[in-house]
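In the two complexes below, chain A is the common chain; its partner is chain B in one and chain C in the other.
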Partner chain A sequence: MPLFFTQTLAILHKDLKTEWRTRERLSAMAFFALLVVIIFNFIYEPGSPIIKTVAPGIFWIATAFAGLLGLSRSYAIETQNDCLMGLRLTPVDPGAIFLGKMLGNTLTMLILQVLILPILVIFLNLQIAEALPRLILPILLGTLGFAAIGTLFSAMSLNTRLREAFLPLLTLPIFIPALLAAIESFRAVLTGAEITDWLVLSGAFVALYIAACLLLFEYVLED
Partner chain B sequence: MNTSAIIIQNTTRRFGHITALQNINLTVPTGCIFALFGPNGAGKTTLLRLIATLAKPSSGDIWVSDINTRRNPHEIRKNIGFISHQTMLYDDLMARENLTFYGRMYGLQNLNTRIEEVLLAVGLKDRQRDRIQKFSRGMKQRLAIARAILHHPSILLLDEPFTGLDTSAQSVLSNMITTLKAEGRTIFLVTHDLARGLALADRFGILFQGQLVHEASTKDIGESELQTLYENKTTH
Partner chain C sequence: MPQRPYIPPFVFGILALICLSIAPYLVFVYAGIEKEMGLAQKIFYYHVPSAFSMFLGSFLCFVFSIFYLWKRDKNCDLWAACSAEVSLLFGTLVLITGAIWAKPIWGAWWVWDAQLTLTLILWLILAAYHMLRTYIEDPVQSARFRAVLGIIGFLNVPFIHYATKLWRTHHPEVVRGEEISLPPDMKMAFFFCVITFFALFFALLFKRVSLAKARDELESLKTEI
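For the complex of A and B:
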């Protein structure tokens, strides 16, 4: 296997193993997402016709804000004991660090979303059982796009004093176009509308985000 | 074969208006232990970071194992090990998992065998399955040495490696440095500890306010003379 992929997988494996042992990020993210859905439960009548229209937005609001919480912590393990410096001292390609971290963040967020969907069903009485297989691709694309920009900006905000505020301020405006596509494709699945255009748009944003982040990540790591 | 492991030529490093290093010229022969002394803020760590390719000089050039740090930093990183007072290890991973991770970063072949060797060398083979958050400071530093020598580097950069260690752990580290030198490695040691640096090093330098104000062999100098020299060179 080329060294680039060995390095990418090693970073992914290390991040997932650390998260599995501590469960620091996922538990905080899940609790935050639960609170978001509960708040919307008080705003909208569970099971009412409007739920199919607003549920995609609620799902992505919960995902995005809980995701930001997790992203801001994704480099915390690298600052501990100066591990990021240790990583930079190896002949690792910056792209491998980015991809490893991004895939780790994507998987963590996908696990979070697997938890959010049943919460939506329970609290908003949303019927999604039949639509579930068609939801996989739009959710995956939206999550990849979010994880890509979030991974880049969480690395950028690593040495800033207002890291927690800086990250959403940078990430959300750039994620908005992809967020729109992700919400609309989710809604199209729920209402039985045509989804292809939204999927193409989501895919294009994911490709653009990942390519741009791969190019820029090297400069983010520089002194 | 070049007999110089590190060559620093007219190197200056600025951070905005602040000049951290000014026109440094230094050559470290292969297989030598070089100790760099200097007060806080003298620029010692900055110089070490330039050698380690973590930062680029504002002007001048640095060659490590005949490779210019500007041209091929990846190749240089394969050839250097770095030990500082920070272990650069993951607390939630086991000792062996930490080494496996770094070994994969270097793309090492026969990684399991190599891990066994370095764990044995630092006396942590029995603790390889323990998470390192349970380790004492001295044990963590020994594992940091294992991490730094895992990929057979010919040059070791040591940034205040004795900081925070008790006397016994300091002796263990000193012995390990001597062993590493006996294996033919070049060691660039940055320390505040004049006595320990003098005992270990073949040559030494004094850095003050970003300038290399003295460089000599350790052969003809005693501890008290070095102390006097250091005080003279590092006062205005």
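For the complex of A and C:
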């Protein structure tokens, strides 16, 4: 296996292991996503049929906001005991650090989505059982795109005066086209409409931004 | 750095001033009144050239950001930051004139039309870029981060364009007063306005850059003392 991927996997392994030992990031994210789903229900009158048409939006807003919460910790944990400096000192490609962290964040968010989807189904009385297989690809692509730009910006926001609080200001505007694709394809799956155009869009978004972030990440890590 | 940094803003400023005083004549007297939209259509001559200037500014920011990361020349960062700032100004103009135009034509200030949505999202990215500068203390780090955001942000334009287009076609289409083929008099006035706004754009950009350079010089003189 090429060295780059060995390094990526090592970073990924490290991140998942530290996360699994405490699970504090994931539990905070899941609780926050649950809160978002519940709070959204108060916008409409109880039992209003509109809630079903906005369900894909609620799902993505909940996961994106909870994702931001998790992403902001992704580098903040590295500031303890100067771990980030240690990471930089190791002969590891900056791209591998980025990719490892990005995959770690993607996996965390996917676990979160697996937890939040049933809650959404129960609270909003959605029927998604038969649409479920067609939902996997758009959700995966949306999550990858979000994790790519979010991971890059979480390293950046750590050095601003607002620290983690600055992350959403950078991530959300860039994420809008991919978010639109994710929500619209979710909705299209529920109504049985065509989603190829949206998948092409999210696929291109993921490919371009992973490539761009891999190249640009070393400028963010530099001291 | 040119010997006389005040010359380019002056030249473009004079050019913009001359063009800006001729443009209203071409727009209101020379060009005919559009049949369906009437006088409201006149804002088109300011709205669309502003949008062109905005995109020019974001593109310049993108190019200078790449050059900064490549050459590490402080001037490239300065140009990128100033282009983004002037671009933000023109973006604000586009949004305001867009809303003024939309009200009589579509009966609402904002209708989530594809092009306006694209402008709005780009405006948000430019605003984030501008904020990033004020929230980082270390100037070198701030320059690097802004360059990264400048590149990432501009790469987003084709995605926003495609996404908003798809989004609009999947939803009830608003009736759009599209100028597909302009009559010659309107075309003439339109192109003149594009030149006018580009002159104004460069006048502001050069002025902003010379101001930023003067500020940097003042800072370095202060630290010397």
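As a convention for this text, the second predicted complex is superposed on the first by the 215 of 223 C-alpha atoms of A that agree within 3 Å, B and C clash if a C-alpha of one lies under 4 Å from a C-alpha of the other, contacts with A are read in each partner's own complex, and residues count from 1 in each chain.
By definition in this document, a residue touches a chain if its C-beta (ideal position, glycine included) is under 8 Å from a C-beta of that chain, and two chains touch if they have at least 3 such contacts.
Just so you know, these numbers come straight off a predicted model, no measurement behind them.
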Touched partner set for A:Leu141, first chain B, second chain C, both or neither: neither
Which of chain B and chain C A:Gln7 touches, first, second, both or neither: first
Touching partner for A:Leu99 - first (chain B), second (chain C), both, neither: neither
Which superposed partner A:Arg88 touches (first chain B, second chain C, both, neither): first
Partner chain(s) touched by A:Ile119 [first = chain B, second = chain C, both, neither]: neither
First (chain B), second (chain C), both or neither touched by A:Leu214: neither
Chain B and chain C footprints on chain A, overlapping residues: 222
Complex contact set, residues of chain C against chain A: 69, 121, 124-125, 128, 131-132, 135-138, 141, 144-145, 147-149, 151-153, 155-156, 159-160, 162-164, 166-167, 170
Parts of chain A lying in touch with chain C, wherever the complex brings them together: 149, 152, 156, 159-162, 166, 169-170, 173-174, 176-178, 180-181, 184, 197-198, 201, 204-205, 208-209, 212-213, 216, 219-220, 222
Complex interface listing, chain A residues touching chain B: 3, 6-7, 9-10, 13-14, 17-18, 21-22, 77, 80-83, 85-92, 222-223
Touching residues (chain side chain B, partner chain A) in the complex: 49, 52, 54-55, 74-75, 77-78, 80, 82, 84, 86-93, 97, 101-102, 104-107, 131, 147
